[in-house]
């Protein structure tokens, strides 16, 4: 059987082309990944709110695959309605499937806390409205946002078409002098190839949406390998 | 971007836990895989027929990920209604997504022809009714079925819990003296680890549902690597 | 000559198909393994007691191969008659062959002590009667049994047909919250592939029958390599 | 389960310390080896004849391990009573266990024929009487013995204490100008490390007792890998 | 000394950031590369014509490094003035330095001829005017241009910022059904990572500016290694 | 794009054949190197002073390649006019290109300070006059020169023709008993293959012109890998 | 040139077949070994004393090869005349060649002191008379000999014909309970393959003739690599 | 024992520092090399003739090491007295030691014949007189000398101080247009690192003194591995 050590379910926006490969390429020995999709084309508040209507259907699909935990892989999709929305998503999945769930917006806060980061410089691919919602969400959760820059991309497919080099260069250009760490937002924005180089070159912890979600999900199922994805995995 | 060489979409039964890992572990460099699920718990004719109602919804989801082709990963699900049903499934997906599609029941016939196999010994995990439907489907397509043995498993999750060693031993025990080749049916039944050992030990070509579907999908997008999955990939 | 560093003799139940491969795959450079078999088909008390009549004959056979030590590879077979039976088996072999001997039921106690484990959660493939005898044997030796779960398999060949994945999942489901460590019993039950992953995921020491017997035998002949078989080998 | 591809049983003289390691180090993926011993200390005709009384007991032991075939690993032990004795041993095992069996003295003849060797130069570790019996056995089977040299060792443990370098040098010193090939006799005499170098340096096929027995046993169970043990495995 | 086997000089547009790394990463053992730059910011006819005034100065610089040959690494820069301009550039360098020289526009024709390609589908990053000049240049040299698509980039730095994935996808989209082969133009446009995958997926020879120039330069100095850069290096 | 992590420009004497290969062979992942040449044939004071007239032209060329920093790779060329000349060169480049610059004569002082070296034994390939200028330059900067030996080579091409073995043996023969460390001067004199062996065998830090310049340039762009180039890279 | 880092000369008995291969297989990068032979067939006092007459001739031969140091590779040959003879040999070579020299009998004492060993258990291949001379030599130098066992071999070629397995087993059988360490004597007796396993299994430092001589010679030329030859090389 | 497959003795000029390392680095598995030296400082006719007086003494030394063959490693030393001198040297060694011998000047002729070379371009490090003797020797043996260039080095230590890069460049500069192959003379002149690159770049067979002598010696002892030393080893 695949997934004898643990099976992970993943619910993600249909147009996301990054989350599945990033998770698969770093899955610990003995784990398997199984995906269900929610329809989304554009990364804006209205579309993200509509998308959440599919959470229950996707949860039911994954439950038939006997998954041991479910990750909800979307950053803005789990914070778009503000404080508390992330835990609400987690609860809806857990109640339905009877297994633990993590949602990206909650996972990144757990990652910040594990690394003891209070202030952050943030790189995103988002449009202005989503950037503001993310900043407010983090501030209400008690974190200071030192700098936040976005690429102004609304089509989610355009985000997935970027290369990790783009992400590296955007993160290098942030004004992060005062920040405890750097956060790169969006599960469709590639970071796994460059997170360790960024940490070396910036000499600061770097948290990214997919890295934090994977770390949180692995914690949940009690599988804790040494992944080459930055300091978070040494916590 | 992931999938710069080609992006493959996969539509599969929700309880299938084998197809995604087998495809991911052998994906050619530069390709990515994106999944959508149709609800299915038991492998019987009624459930398989119902499942097909979700083809269009799944196709729409994958279309937003800009996939270059779509595979319908279910053997009995694409032959349960008899001759012609496999091509019908392919056509419904192609018409909707505007990209080429392959369905397992059609892919295995293309594989048999590529290897020039006219008679087959067949191992399946299925219950008797599905075995009979599969045999009839192949006979009507002009192939001779020399032997066919099933494990009598109806719960799809039970099929996915088997190990490749089980598959190897079942295939060794077939009466295949007169057959041109061996076929191992079901995209939820593990074969990728043992297909080449089986070919060596039986000294015959071995076709399996996932192997044939992957091979067919790669042909469709024009990416043709040397995968260590048996003689079919040398065609 | 094979075994220039040390030759290890192994006496085991005839139906055991796991002990030889697990030992061979981890034998230190310069060591060799030589086997003699005692007839056993079912793992129950009566059969195990009868089996012991062959100890002397097997010892004599191995003595002609100039072995430097002898391992008696059977857990319940060296505890079935209760406290003291394990050392009795060791003495019978040593007196006959003139070289040191270890018996699994004694080796696991040495392993618990080396790791400083006083309370244990235990997974076995055994029937209820053998589970109770093992629990009593360990309690009389001063260890606390926090939980003990068995697979209820009596045919020894059925135990050897299990995969390490089965063992992993059984051990994960134990109630081990209060235990100092986990013990997986039976030299015919596969554990070598997953003992280190279990220790990582449970964050506790894991002792298994074959691991403890091999460790004890290597101590006896003064060959002490770094084997990737868990914390016991770091003692 | 170990041995999912095939399980091989091995019956060998108790003082043999070479056969188990040579087989284990070259066992194909998915196969396992299980041993039973017959008492033997000295390599002479009387002792070898007595040893054969244990064939049935050993066969019964291995049968409980569900082996798929049994090898009788002793050259002179399967020819000491002259022509036909080798097939007699095979038949006794097969009748008892219900699985195919091979005996070394028969396996080497199958190897000579596969390589098309009619005349042989022979190196053995044996005393004169056994050398003569072996020569007669092969002549009666229709092979020409061009040269035959023995080390005059009677204690079987002394044979097992030799290194492969000894074997190489003995084989190089044979008068093999006219021979089709070279045969190195005795399953306790090490050859696996040097069989390919010998073939390169002598520019002739080299058959050895363990190599031929393993090759024959693998043919029997239909597992045919590429082992680096000389030209015989290319047949 | 570096370059004991051969030293290669390279003259290239100052804004080219691709040619040096592509050559360095594939330089045969014992060769070294030494660069001189001609000022160029935009890839248009006027700027390319002006740039050529620096050929002699760059040649003189490289001559002091005792190079064994000089490559002029610019496609449009060696064809912008039409038929014959490529050989004129080569002659100016050779006369000045006393060593052989190759210019990209001449090298690609030698590559086409070595591969026996008469008709080509062409991908470039250029603006329309340069595309037309290149098409005319090749037609006058006797080649048929089946299709030609450009990215319309004028800033040379923008060309160098593209990834090989971009190049792969552009080349896949050409209408190359009737063409003998595919040509990817521009020494600042990355191709070395994907030239072999393109040849596999298109099943046609692929020539690129840097690949052809390096191949031609290596021919000139008589160093002919097996580089993994497509069929041209098997000529 | 090449150089997504950082692009390094290099200005060097035209006859230097060592600096480019030494830098390229040790460039961190994600960096690229781009070169511009200043005319120089002989390593004497007059020629080195003239050469500096080309600094601005070379800077302009590299600026069009969007480099993130520029290294001026010449030791005596950046100290020939005495104290302060090294910083003057750096300032001229920085003012012109708008990016940070390092010059070898300044980089070696930064390296000495990072390693806390106050007294040095020095090996050079230079003629007497340049040796004296270098000694004076270092003394005025506050370092003690314990020993200084030169090879008396004036033709720069002759320096580049030496092998690292020559450098090793010259450095071993210095009288360095009292020195804190050893300095090997000249960016055209090969040291990268032997710097770590020298440090091991002398048991002292070793600084070399190319090693210090590369280290300083990497500091400047904030890319700090573990290069196997001696203790300086552990600072 | 070979030996650019250092050239080592070796003077050894003509019948020694072990010293050259053991040194060559562990020579640090950049070193070379050059040999001269003194006639010796039997390892007895008379022959060893005569052999020493050739020291000067051998020294002269090696001097023409520009060696940087000379090792006299013979244990009993440098102690056969008692206390002080080892240093006398070293002085004779140094005076003649003008480079440092080491003799095995002096090197082993330096090794004992580096490891702080005062009492030793000793394994040799020698006859009784040489064993007594060695014991006396070491006692007079202040070391305690806890046990000393010899193989009683007089023909030096017979010593060289032994395998490292023989050495290992002889050393394991010493009575070394009270000894600080183990010494294996004779430069013709193989130890390099087993010195680290012996140290692990005995849990004591092991010094051997060739290991100590090589270590001492490397110290002399100031080349100090990490060789996998036991704790001595960590000193 | 070292050299269980074969032991090779080597007689060479005392100042030769290349022959031992080149042979050792390419010695087939199971072979060992043992050296004896004849005094020689300068490579001129008088010194080479005197040197030959030591052949018998060196032969006797190597005979005590039980070598299986002896190589006389000196090109001009085995041809200085003209036609027939090479075979005379071989005969003197064979008569004395009772094992086969090869001398370089004879080995190269055997190599030319094996490769079917009748005309040669020759690179040597020698002075004019030795070059003329070599040319005459080869002409009298029936070979045509198309070109012959020497480095005019008389001190043998100076020859050994050259690097393989020097040899490569000298061989490239020969006028070898009409020659069947290239010959690089002198066992003290390094060629093993570059012989295959030379053959690739010149597209002709290359024979060198050490390569031919090693090949010839291996033929003699019947050990014939695939060494990466050019086309001669494919004969």
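Read from first to last, the chains carry the letters A, B, C, D, E, F, G and H; within each, the first residue is number 1.
Note that in this section a residue touches a chain if its C-beta (ideal position, glycine included) is under 8 Å from a C-beta of that chain, and two chains touch if they have at least 3 such contacts.
Please read all numbers here as calculations on a predicted model, not as lab measurements.
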| item | value |
| --- | --- |
| Steps needed, at fewest, to go from subunit B to subunit F via touching chains | 2 |
| Remotest chain, subunit B as reference, centres from CA atoms | G |
| Matching chain pair for C-G (criterion: over half of the contact pairs shared, by residue number), options A-C, A-E or B-C | A-C |
| Whole-Å gap between the CA centroids of subunit D and subunit F | 68 |
| Separation of mean Cα positions, subunit H and subunit E [Å, integer] | 45 |
| Whole-Å gap between the CA centroids of subunit A and subunit D | 62 |
| Sites on subunit C at which at least two other chains make contact | 1, 163, 165 |
| All touching chain pairs, where touch follows the definition stated at the start | A-B, A-C, A-E, A-F, B-C, B-D, B-E, C-D, C-G, D-G, D-H, E-F, E-H, F-G, F-H, G-H |
| Residues of subunit G defined as touching subunit C within the complex | 165, 168-169, 172, 197, 200-202 |
| Subunit B residues within the subunit C interface of the complex | 163, 165 |
| Contacting residues of subunit C [partner subunit D, same complex] | 1-3, 7, 14-18, 20-21, 24, 32-37, 39-41, 60-62, 64-66, 156-157, 160-163, 190 |
| Subunit C contact footprint on subunit A (complex, rising order) | 1, 4-5, 29-30, 222-225 |
